[in-house]
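Right after this note come the structures.
Heads up, the next two complexes both have chain A, just with different partners, chain B and then chain C.
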Partner chain A sequence: MITLTFIALVTLAAAAVAMSQRNLIHSALLLVASWAGIAGFYLWAGAEFVAFAQILVYVGAVSMVVLFAVLLTRRSHAELAIAPASVKRILAAIVAGGAVLGALFGAVLSTPLASAAAPPPAISVKALGAQLLGRHTASVLLIAVLLTVALLGAVVIASTNSKEDAP
Partner chain B sequence: MNSSGLSLLSAHLPVAAAADGLLERLPLTLRDTFVQWFPAPTQWLLHHLISIVGILAIFGLFFAFTTVAERKLLGRLQNRLGPNRAGVPKFSFLPFHLKHKLFGLTQPFADAVKALTKEDIVPAAADKLLHFLAPVLVVAFSLLTFAVLPFGRNLIPVELDAALLYFFAAGSATELTIFMAGWASRNKYSLLSAMRALAQVISYELPLLLSVIPVVLVAGTLSTQEIVVAQGFWTFGLLPHWFIFTPWGAAGFLLFLVAALAESNRSPFDLPEAESELIAGHLTEYSGFKYALFFMAEYFGLTALSGLGVTLFLGGWQAPCAFLQFIPSYLWFMGKLVGMIVFFIWVRGTLLRLRIDQLTRLSWQFLVPLALINLGNAAFWALTGAWSGPLQIVRWAVSAALIVVPFVLMGRSLTRGQAPRTYRYAT
Partner chain C sequence: MSLSPLQLCLLFSSALFCVGLIGALARSNTILVLLGVELMLNAANINFIAFWRYGPAPSPATGVLFVIFAIAVAAAEAAVGLALVIAVYRHRRSIQLQDANSLKG
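Let's look at the complex of A and B:
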């Protein structure tokens, strides 16, 4: 229980500090720390595979997308306003945040959770694979095809030789 | 490793269990006798602490002597001597002085003293915290990857079901540290070259992962220990069934080698810190021990990737011939690891550095498609596992053709108009 509290505190604190930072790069890096905290939670819960996938995808890849986006879109430091511009924007933010919070809470509360007495099942990677390719074959195949097409697209874009980018 | 893991492994390998001699069990016996002295509740902690200290000590020293080996071998390749001056230091409290040079083998310790005593310069504009965190994190993450490498039949620090995923998860975090180093320096050249380094590392992550997946496909497991066990067979007791001795395995190993070289920023892919052009790239603003930490992390990364290559393709700790099993498995592993490192040094002394456009092109136009084709090749191999007799020859021929034909065709089409290169010499 202490471990869980610690992980939750680190994750939430990183996320909270990320929101209050003026420096966007610091915010992005703190967000990465928060994602790592979520991976820690998965590890604590015994879901090794999900935890490592979380690190690989979020800390390794999504963080890069976020950082590149921040670097490419950043305006100068002076015009970066933290305070909301108008009352309308505050209201809109509260409504949007509240809607997400409500949806999440509703989902959590309406999910029937198994009684705490049952020990967590020890799921091997093999069993996980059997589940994914047994019951969820269609969705896995769809995602696999989508990602492979994206990869091939990247290769095709790289392969088209235009005159101006030749050295 | 716990006893249940042991029994699982010996169930896999009835032959090997008999060969589990005294030397084979020596590290475990030493650890257990040491742990026995302490009260029972702290023993599990000590078990892990000993693994950690062992890895730090062995691979710390391995790193130190890799740098000497690299400098000496590069010296030989460039027809000079390399470092040979650092010998036994003169201790003033001793009445005598051993004036032996020790073939320059104490050079890394002299280097360490130099790095520790150099001034640590932090730019005034730098982001102090991130500037400090980057070298610390890069070493931490690169050391984490050693946890899942099986160093011997009974020697694996952490036995995980998803070990390979763990390895790449720990390794992928180094990208973040490159960014942190470049950005925190507040130097536009550092930032620009950090972007170049990231482009390289991200581009080569893909072929690296894709070259590993065929092994997972054929072995049917993500656990490094079980992948090694799957390679522990011999034909006539002489020809090892390592994955490199299959058509898809050989292709996968070559792809892995190229991608590993690029991932660890080694020559000929060392443009992130090309010292002659970029004054060390994203490391420009680092000096003293922080620079040494980056240097160390680079070698740790290289060693870990070499260890992974040995584990996946070169049979890990398995002996090359059945009758050579009396030599402890960890010695085989370290021997293969040293072989890989020497090969990497040899490549560094031989090949020229690529340009950044050539580098990214090599990855996206050549390695990624080849790795995808090789994945299909491995799928063919896994599906035809039941073929025997003359069909076995067909299986090998088809599998070899599946990778060689695309290699030749793609190589020809990509170098059209550029090859063969003509050289003109002054006469």
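Let's look at the complex of A and C:
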């Protein structure tokens, strides 16, 4: 419980500070810390494979893509510090988010959740692989096609159109 | 009253979801909005793992498989989203959301 509280506080603090930063690079790096905290939560819960997948995909890959996007979409060094959003918009967002938070907390706290102190469900990587390529082969193939199409689409969207961009 | 671990996990994921929601609504920078959406996706994954760990009669693989597929789809979404950010920047010379307000090329 104490470990979980610690992980939750670190993750939430990193995410909240990242969302309030003016500097985009700082935001991205703090979000990497937040994702690493979520990986720690998965480790705490006993889902090791998911924890390492989270580290590989988010801490490793998505963070790099985000940093490249930050560096590719700025004109000068000074522009890293982005202009603050309007106060009205921030207040409206906080009110909306607070309402959602209140609704979710109320729902969670008022639901009688069975908290049986069951032993954690253990699954080995071997069993997981057998499940993935046994019962879920079609899903794995679909995900592969989806990833291929998405990455090809990303390249097409982000690539320059030489006819338009010719000086 | 004392919180059960499952409730604590759910409170954690709700709080993370709301941090992402506030970030996505409050910021006008497209990259930060995308990162807020990513945080919300991660909060959903935390729920999957929490219910897998503490839920009634868990099958040993279900929650893990859900999260693996969700992470794969989220990675594809992040790649396409950031490519769109770059395309919008190339077009408008800005990644502020309020500058990208027309569909016309």
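The rule we apply is simple: the second predicted complex is superposed on the first by the 103 of 167 C-alpha atoms of A that agree within 3 Å, B and C clash if a C-alpha of one lies under 4 Å from a C-alpha of the other, contacts with A are read in each partner's own complex, and residues count from 1 in each chain.
Operating definition for what follows: contacts are C-beta pairs under 8 Å (C-beta built on N, C-alpha and C of every residue); 3 or more make two chains touch, one makes a residue touch a chain.
The structure presented is a predicted model; accordingly, all values stated were derived computationally and were not measured.
Once the two complexes are overlaid on the shared chain, A:K126 sits against chain B while remaining clear of chain C. When the two structures are aligned on the shared chain, A:V155 is found in touch with chain B and with chain C.
Look at A:I94: by the touch rule set out above, it reaches chain C but stays clear of chain B. Between chain B and chain C, the partner in contact with more residues of chain A is C.
Touch criterion met: A:M64 reaches chain B, while chain C stays clear of it.
Touch criterion met: A:L24 reaches chain C, while chain B stays clear of it. In the superposition on chain A, A:L104 makes contact with chain C only, not with chain B.
In the superposed pair of complexes, A:A53 makes contact with chain B and with chain C alike. In the superposed model, A:V32 makes contact with chain B only, not with chain C.
Once the two complexes are overlaid on chain A, the chain A residues touched by chain B in the first and by chain C in the second are 49, 53, 61, 151, 154-155, 158, 165. Put simply, chain B touches chain A in their complex at residues 130, 160-162, 165-166, 168-170, 172-173, 175-176, 179-180, 183, 198, 202, 205-206, 221-223, 355, 357, 360-361, 364-365, 368-369, 372. Within the complex formed with chain C, the chain A residues making contact are 1, 4-5, 8, 11-12, 15-16, 18-19, 24, 27-28, 31, 34-35, 38, 41-42, 45-47, 49-50, 53-54, 57-58, 61-62, 65-66, 68-70, 72-73, 75, 82-83, 85, 89-90, 92-94, 96-98, 100-101, 104-105, 108-109, 113-116, 118, 120-123, 127-128, 131-132, 136, 139, 143, 146-147, 150-151, 153-155, 157-158, 160, 165. The touching residues of chain A, counted against chain B in their complex, run 25-26, 29, 32, 48-49, 52-53, 55-56, 59-61, 63-64, 67, 124-126, 148, 151, 154-155, 158-159, 165, 167. Listing the residues of chain C that touch chain A in their complex gives 4-12, 14-23, 25-29, 31-32, 34-36, 38-39, 42, 45-46, 49-50, 52-54, 56, 58-61, 63-65, 67-69, 71-80, 82-87, 89-90, 93, 95-96.
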